[in-house]
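These are the structures, in structure tokens.
Both of the next two complexes hold chain A, though its partner changes from chain B to chain C.
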Partner chain A sequence: MTHSYYESSARARIAGLLDADSFHEWLPAADRLTSPHLAALEQSAAFDDGVIVGRGSIAGKQVFFAAQEGGFMGGAVGEVHGAKIVGMLERAVRDHPAAVLLLLETGGVRLQEANAGLIAVSEVMRAILSARAAGVPVIVAIGGQYGCFGGMGIASRCASAIIISEEGRLGLSGPEVIETVRGVEEYDSRDRALVWRTVGGKHRYLLGECDTIVPDSMEAFQRAIIACINNGEDWSLEALEREHQLLGDRVQRFGSCKDGRDIWRELGWADPDAIAMMDNDEFIAAAQGRRAKDLECADSSALEKRGDKSPHSI
Partner chain B sequence: MENLKYRFDNGKPTQGVTAIVGVLGSGNLEVLVEPAALGGACEIEVKTAANGFDRIWQAVMKDFFARHRVGDIRISVNDAGATPAIVSLRLDQAIETYIAQGKIKT
Partner chain C sequence: MEWKKVVEKLFPTGHEVHQEGDLLSGEGRCGKHTVAVIGTTNHTEVGVELALAMAAAVLAVIHNHPGRPIVFLVDTSGQRLRHRDEMLGLNGYMAHLAKCVEMARRRGHPIISLVYEQALSGGFLANGMMADVCAALPEAEIRVMGLAAMARVTRISEERLTQLSISSPVFAPGAKNYLLMGGLDVLWEGDLSACLKDALEHVDANDHRRVLGLERGGRLLADVVVNRVSASA
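Let's look at the complex of A and B:
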């Protein structure tokens, strides 16, 4: 039997990913480090403020972790919640674990905490970069019900690597926010197929924001995390320039696309609608040479060989 | 928000390790169980978003204590509108986890 990552609580994810009996929590629920902002608003406040931080091991390697609980206020980041993640990352700078693991499930800033929440998210971003600069890879996993949105969507892209499942979603403004601000004609948040075509795991994998896509099981996430720890980071100038080039070209290449489908066609997928029905292995195999980064690296002859008719291709 | 407190005396002192179960999400609750020197009593504190259900909470907690008769234990509940059945199940899960974790440690 496989255990669904999507269906699990934050605590169940930690228990499922870490080596048995290696879990140690910092500032556990019994410390009652709850949100003063929610108390002031007379709202219920979770004992752990919706995030579990601590240390443990995966395949014998020491990791520090933070796991957001989507069930509590959609995993939203408040002042205490953010400070717990930042403290854990700063400790990683000092203690150098093999990796930091961020199990993100969040709509972004907790609106009840306004500026304190915004500052907390910016501090998380800075702390992620500090940990990486200190040589500690920061690995993000996204595969929960609430996806990863808002400021934490940006924070996740500050990390070394992102592992996502098909069910996972990654973005800045969430679907409901876009619909509220721009209208249902612009974006229908109840159109689930559209949502997954524009922020879903497969789309993020094809665009290159996520390095790894896995089936929705604890075991698959665990394997991918171990691989990320073992791979380390590519800090070469070439790698950084390649990444900048890729990001720079993106607006130009896909700027006129209205839908994920249009982007996939640009990437050389003859039948973009077939993507949604592919299982994970089938999808990864079919995506060989059809991700944004492949186009970037490929020379024009390779594009011709594949029969790419894209007007934007190099 | 409502803050409710209950105390049940003459429980059986029960060994265990601090446990938390459940999530403070709509229709759900989180339950924290901790050891406490209370002379065999079980103290329960509930913070609930739903006002005016004191008598129902009282009945659910009384049933819980009748089932388990645990003592020297402090239970803290954060509730977001869970039904009595859900509350009962979570309390059972919490006390079972508390006792099971204690057995692993010893």
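Let's look at the complex of A and C:
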């Protein structure tokens, strides 16, 4: 029997991914560590402020984790929520677990505590990079109904690897925000197919914005996480320069594209509309050699480095 | 304040800072230091091209001038709100810029940022907020969202938000609020050149913002929570 990651709560995700009986939470709900800012606005608080942090193991390897609960304020980051994640990451710098796991489901900064939330997201970004610089891989999983947006969309790309499901969405400004500011002609947030072609898992995979795409099951996420742990950490100037080249090529090649379909066509997909119908295995097989990453690396030595390490065959 | 005026005040003994589109780049002299200058102007929105151009400037400093301090001049109305930039993965470009800044820091480049006009959310996270010392001019505008828009989104009346913002720095825009919360290290007034010199002498590569927030009384729980996680079993 498969368990949907998308439909699970943050607690169910962590329970489903960790080895049995290895879950240990820091600052659990019993500690009643709630947001100090929501009461003034007559908003109800959560005893864990919408995020669970702690330690456990996956395939016998010690991991530290944070899991955001989309059901509480859309997983938005406030002062306490952010500080729990930062505390966990800084502890990883000290204790060196095999990896840090971030199960992200968030719209970004919690507007009710906007300034505290923005600073917290910045602190999370720096703490992610500190963990990586200390040699601890930071692995992000995205597959919940709220996706991963706002400042946390930036933070997620500061991590070592991103695992996404087809249902997962990753971006900076959400479709509703852009529609509100620029109008429905710019971005129709109710056009689900358009949103999916812009920020959806398959598009992100083809673009090289995530490392692995998985079907929506706990087991698939778990297998991908294990592969990412085994890949280790590559925080280096050389890796950054490869990324710089890749991002520069992307703007050049796709900068005038109007729609995700135009990009996919450019990548060699004769029938871009067929992509939506493919199941995950079929899609990954068809995507061999038709991802922006593959083409850009085709005639450089980076191919070996990346090819060997890429866990996308899961 | 106009960027040219800012640069003249920062580097009275000389600078070569140029504007290309909305990007500022070049170098200036401050006492015994030559510093690299990277910034934006015109309250620009940061899209994929601009984020990439800033990242290129950071990588160039790492290559050509190991250890040279980097000063970010911040003026942005936020991330570019376009379908096209989202489709291309603007969050990835912003993160790339942030990673380049972190790489520079870890290779010994002191990182200073000065918000001289505006700083808004996404456009601020990837450069200004990555600095060792984050400063602002007192009249600078720093925010996530204006109160009117915040009222619409949160469904809390603007009157109520305005009233609450008198006693709480947590959601209302303004450099002073960011100072209280530790998001800004310092406000620069008067002799900007002396301010920069002082900042360069007090660079701390560790993230100390939550401690500042606690000391200044604007963000009381962040440091406590981090320490409690650290001390947990």
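Methods note: the second predicted complex is superposed on the first by the 291 of 314 C-alpha atoms of A that agree within 3 Å, B and C clash if a C-alpha of one lies under 4 Å from a C-alpha of the other, contacts with A are read in each partner's own complex, and residues count from 1 in each chain.
We adopt the following convention: a residue touches a chain if its C-beta (ideal position, glycine included) is under 8 Å from a C-beta of that chain, and two chains touch if they have at least 3 such contacts.
Note that this is a predicted model, so its numbers are computed, not measured.
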Taking chain A as the common reference for superposition, should the pair chain B and chain C be classed as clashing or as fitting?
fit
Based on the superposed arrangement, let me know which partner A:53 touches: chain B (first), chain C (second), both, or neither?
second
Check the residue A:198 against both partner chains and state whether it touches chain B (first), chain C (second), both, or neither.
second
Partner, of chain C and chain B, that touches more residues belonging to chain A
C
Per the contact definition in the header, classify A:142: touching chain B only (first), chain C only (second), both, or neither.
neither
Pick one for A:120: touches chain B only (first), chain C only (second), both, or neither.
second
Is A:92 contacted by the first partner chain B, the second partner chain C, both or neither?
neither
Touching A:275 in the superposition: chain B (first), chain C (second), both, neither?
neither
Partner chain(s) touched by A:133 [first = chain B, second = chain C, both, neither]:
second
Identify the partner contact of A:18: answer first if only chain B is touched, second if only chain C is, both if each is, neither if none is.
neither
A:71 contacts which: chain B (first), chain C (second), both, neither?
first
Overlaying both structures gives a minimum C-alpha distance between chain B and chain C, in Å, of 14
Interface with chain A, chain C side, in the complex: residues 48-49, 52, 55-56, 59, 62, 79, 81-96, 98-100, 102-103, 106-107, 121-122, 124-126, 129-130, 143-145, 150, 153-154, 156, 160, 164, 168-172, 177-178, 181-183, 207, 209-210, 213, 219-230, 232-233
Please give the residue numbers of chain B that touch chain A in the complex, ascending.
1, 18, 20, 23-25, 28, 30, 32, 34, 47-49, 76, 78-80
Counting only contacts in the complex, chain A reaches chain B at residues 9, 11, 28-30, 42-48, 69, 71-72
Within the complex, which stretch of chain A touches chain C?
24, 26-27, 33, 36-37, 40-41, 53, 79-80, 82-84, 86-88, 90-91, 94, 109, 111-123, 125-127, 129-130, 133, 150-151, 153-158, 170-173, 175, 177-178, 181-182, 186-187, 197-199, 203-204, 207, 209, 237, 240-241, 243-244, 247-248, 250-251, 254-255, 257-260, 263
